[in-house]
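In what follows, structures are represented as structure tokens.
Two complexes are shown next, each including subunit A; its partner changes from subunit B in the first to subunit C in the second.
Let's turn to the complex of A and B:
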């Protein structure tokens, strides 16, 4: 990831100086021409919003002037908004729910993706092409639509799963109540994410030189040992990457619980942090608080990502 | 010498291997993968069956039994709100198609510039892009909305399209791909032949970067097509909604008018068909190894 490792060619010094001048000047300017559109968009839609959000997060409405006049003015309020966001029970409870959801969704998604990828790579399964394509299909289904489909599979009136469990005498499964709700929301993320992650890990497995397995087989290793001792350690970079994206995705959870809201009363307006931020901004018109909460969420995500990268890089590349 | 003996060893190893993996050794992996396939196809099978059911059948007949209301549902869906569904589909196509195309161009040029030139500021730009990869873009949706309002663009197509064009991950992937796929010697040879930098990019580098471009396009297309919060915040006119937000409003209003449930279900079916087809078609062209190898360097 070090930019200095790329092989930008050394400039050519040969040729008649007079003829070289123009191309060389062009070559000094050219890279800026190539990166400018990207950099401008980056500044306009990432950098400026970040700076603006940080600016807003330090502003707030205060009653200014004498009590008789009592005009509300936007002023600098220091860390008031952050204090408010970090002591807001709804906002913090959202993080707690996110943690429960993430602890279910992330390990199961990656575990299943790795298992499927190893089975595909083993080359012994029949109908592997069909299974691979079928497992990848949910990637094409938007989260909101995935939620809509699973929502109907959860609703007692339309759920075939509850039909089966009723027929067996276990009664209706309360998919959208109590602690089962977390599993139900996590299941949507698992369903959507397994295929994409499986393909990433599978492609990574395919790039391992086959000779490594041959020598292990000669040494008497069985397929399971090869998978666990050779394949898994070699795809750690792919696992780190998929884990990182799964984690960032977890913190951005919004569309799924929002879509499920009409189907269950247990999902409140502030079920996850982004829903609380949306409420602050659009239902309460408190943009400063929403900005502070956005900054907290963004910084939190960055910190978690950096910790994950540090931790796994030490484990994976430290030896 | 070792390479000479390897083929023989490998053949022996493979033969021993297939003997060891008998019928039972194949059965378990096959079954596990098929269970995964069934799990992933279950909701798709459900929506296929449910879309064909009339309103009364939806809540009364066996879930996977086909119904008799498919044509009625389709007719009602297309008639809903003066053909709003088609507008949503059209909007999704514009946002995702145009957004992904522009994003691909911007990312390719930027990635090429970062990979193939040394210039002051390159490291700064590169690390800024990497930081952007780790930042959850969605937390920026509200500040983006406020800025769009300031500019008077909130509620317009631009408000959804413009933020979708910038993709730090797309730029990052393009840079990785350009570094690997475009040999600097070829660029030098073209320079010695007197080609301009723009011409070198267009006629030499761009053709070499096509697989990487397809990958960036697909990732962005799916990402924008699936996006919910950004259009949900930016747009207020129902006729400008993409499919995700449109179907959400159908479902949200459905708790009051159960008739809308049937429409939401048919709409869901219709909106996943093109994307599934696109992905199945482009699956062989895109380079997923780009992503899995992306974090190695």
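Let's turn to the complex of A and C:
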């Protein structure tokens, strides 16, 4: 991309060739001047931290000298941290938990979001504007607040749900124990996430030309057929986008389990990868191992995103 | 393409320079202030505002600004990070168990020259918690000799006798269950590392030992395994509740009178009063049950000291502050008023003239019992340089053991392994295999 080619057009229109030489040099500088703030911010807040994290991941704190309370100093340790992260059973088990969580949370979030969006768009729903806001509001509740709120609903002694189930003779529901825990954690994410995803899909639905529905109706299609055969295929790009967000959101799961941790013995310090990274960095004071694990997680996220986009690109964007 | 490579290389060099700058040490020369100075002090807890206020009004030239940087473990974690950036506060409160880690991370400064003569103000066991190789790294503020607090009203109601040994405690636990199936004598909280360490210490185990330059880790020794087996039995027979404590769930049970006792330390009354204010006057203090009849020894759980950090610009003034708030009459008064058990001998004597904490209203001999407990503490340091690692490993291992129903002794072995591996990797000399 040569910035001068497109910029040259107006000067031709003015028809004043004499002024071309000087502004041309200015124009050569101008685009760079415009992108400089962006580039500087990008370098300062993205590139340097990434490079620094990669640098840190090859370092480690080791005791200098043999004293019983010798001071630890930062030294180069090669791939030690990567070897440790990739062979750490707790860290890897966190990815398995993420998979279970993701298999529950992602399809339900997207399924509900799509269903609500289609219902709101169909025009048959009453109180559409109110419903849209009502579904969206949980997204505006901060994650920690939402988790505390649900935590109180989960704990037997404070939960009205358990009061009801006990009164009916079913006993206490162990929301925060065993495999129910995954559903309970996923539920919080679904509750907060459906609204956001619904808005994206709904916006995409509104941009579909109404003529398509009209001709479908003339061809004898009912509302359900229109929804499944016309609307859904046309909002696939929005679905891919929300799917990608949901996937990345899954890999970044941290706030909910961390907030729930004091309430249950089931959630360890390493329940999900980001929690393990936090523990290494701040509870174990091993910033280098945390950096290596972060690089592993980031590369993993990148690979998963690329694979997802590869698989869906053709269908979604026709490229 | 070439420009891109040079940019990346340049950035890497820039990043490296930044690191080099950050890790560069300031000169050790202590500066002397020209005029009034301000010291930064990180500390948690209800006593701190009063302590700082008392100091500030008595010392106009050295003002102290306090920041609450979170509870013990959060505050320590931030201290290490900020110290590495040379941005740490001048003075900070640190739990005794984290002090070795603070020394190894080069956060706590050797202040022997400034406060070395304070040793007479504290009893030997307490002073040993801040002294390593004859060098003093902090001034003790409060101590937590372990004790039993119990809801005497509920004990009477259910006709349960106060246990004085752990054997009797198991019997009392069974009596409670028999008298009221909704109630438990107490909770075995699998995430309470300091609590379990204290019980193991009481039984005679020394988790970290140092001989010259060589460490020995004994978290998994026979004594600690016996302690684990004791609680395993109580948990298996459903005589104690298992699960985290001080959660909304636990607090609700406590308020319902379903938690009858809490073996903890002398700071416990304030905590229980905070979550169950309606039970004020129902609770009593008693010595912690013993492993052997007639041996009143107890260990410490919690308690903290004030350290001067290596980032401090005026170490002399900072040390003076640390010494004053923790060994003066004024400081002791603030601590007692706000429910801390002072570490200084002067402060501990002053408690005898005080009223019992609100939770123990009516127990006039409260402070005498407290003083007796405090005089039977086991001295000898038993904290190693990576207690933070042990703490998180312990919590995870014991939590998993309780949820999966696997033996607690296995969790103990797992914790030991993590601690040994970490020390070996860091480069400490170890006698463990």
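By definition in this document, the second predicted complex is superposed on the first by the 272 of 319 C-alpha atoms of A that agree within 3 Å, B and C clash if a C-alpha of one lies under 4 Å from a C-alpha of the other, contacts with A are read in each partner's own complex, and residues count from 1 in each chain.
Keep in mind that, in the parts below, contacts are C-beta pairs under 8 Å (C-beta built on N, C-alpha and C of every residue); 3 or more make two chains touch, one makes a residue touch a chain.
Values in this document were obtained by computation on a predicted structure and should not be read as measured data.
S.K.: Which partner, once the models are overlaid, touches more of subunit A's residues, subunit C or subunit B?
M.R.: After superposing on chain A, more of subunit A is contacted by B.
S.K.: Taking the superposition as given, does A:52 touch the first partner, subunit B, the second, subunit C, both, or neither?
M.R.: A:52 contacts both subunit B and subunit C.
S.K.: Examine A:158 and indicate which partner it touches, taking first as subunit B and second as subunit C; both and neither are also allowed.
M.R.: A:158 contacts both subunit B and subunit C.
S.K.: Where does A:74 make contact in the superposed view: on subunit B (first), on subunit C (second), on both, or on neither?
M.R.: In the superposition, A:74 touches subunit C alone.
S.K.: Which partner does A:177 contact after superposing on A: first (subunit B), second (subunit C), both, neither?
M.R.: A:177: touches subunit C, not subunit B.
S.K.: Contacts for A:285 in the overlay, against subunit B (first) and subunit C (second): which applies, first, second, both or neither?
M.R.: A:285: touches subunit C, not subunit B.
S.K.: Which holds for A:262: it touches subunit B only (first), subunit C only (second), both, or neither?
M.R.: In the superposition, A:262 contacts both subunit B and subunit C.
S.K.: If you lay the two complexes on top of each other, which residues of subunit A touch subunit B in one and subunit C in the other?
M.R.: 47-48, 52, 151-152, 157-158, 262-263, 282
S.K.: So in the complex, the part of subunit A that touches subunit B is made up of which residues?
M.R.: 1-9, 12, 15, 23, 26-28, 30-35, 37-39, 41-42, 44-50, 52-53, 56, 112, 115-116, 119-120, 122, 124-128, 130-146, 148-153, 157-160, 163, 191, 194-195, 199-201, 203-204, 206-207, 210-211, 214, 217-218, 222-223, 235, 237-238, 240-241, 244, 248, 251-252, 254-255, 258-259, 261-263, 274, 277-278, 281-282, 287, 290-291, 294, 297-298, 301-302, 305-306
S.K.: Note which residues of subunit A are touching subunit C in the complex, please.
M.R.: 43, 47-48, 51-52, 55, 61-64, 66-72, 74, 90, 151-152, 155-158, 177, 262-270, 279, 282-285
S.K.: Which residues of subunit B touch subunit A once you look at their complex with the stated criterion?
M.R.: Residues of subunit B touching subunit A: 6, 9-10, 13, 16-17, 20-21, 25-26, 29-30, 32-34, 36-44, 46-47, 50, 58-59, 62-64, 105-107, 109-110, 112-119, 122-123, 125-132, 134-140, 142-144, 146-147, 162-163, 165-166, 168, 171, 175, 179, 184-185, 187-188, 191-192, 194, 196-198, 201, 222, 225-226, 228-229, 233, 243-245, 247-248, 251-252, 254-255, 261, 264-265, 268, 271-272, 275-276, 278-280, 283, 288-289, 291-297.
S.K.: What residues of subunit C sit close enough to touch subunit A in their complex?
M.R.: On the subunit C side, the touching residues are 8, 11-12, 14-16, 18-19, 23, 73, 77, 80-81, 100-101, 103-106, 132-133, 190-191, 210, 212-215, 242-244, 246-249, 252-253, 256, 385-386, 388-389, 391-392, 395-396, 399-400, 402-403, 422, 426-429.
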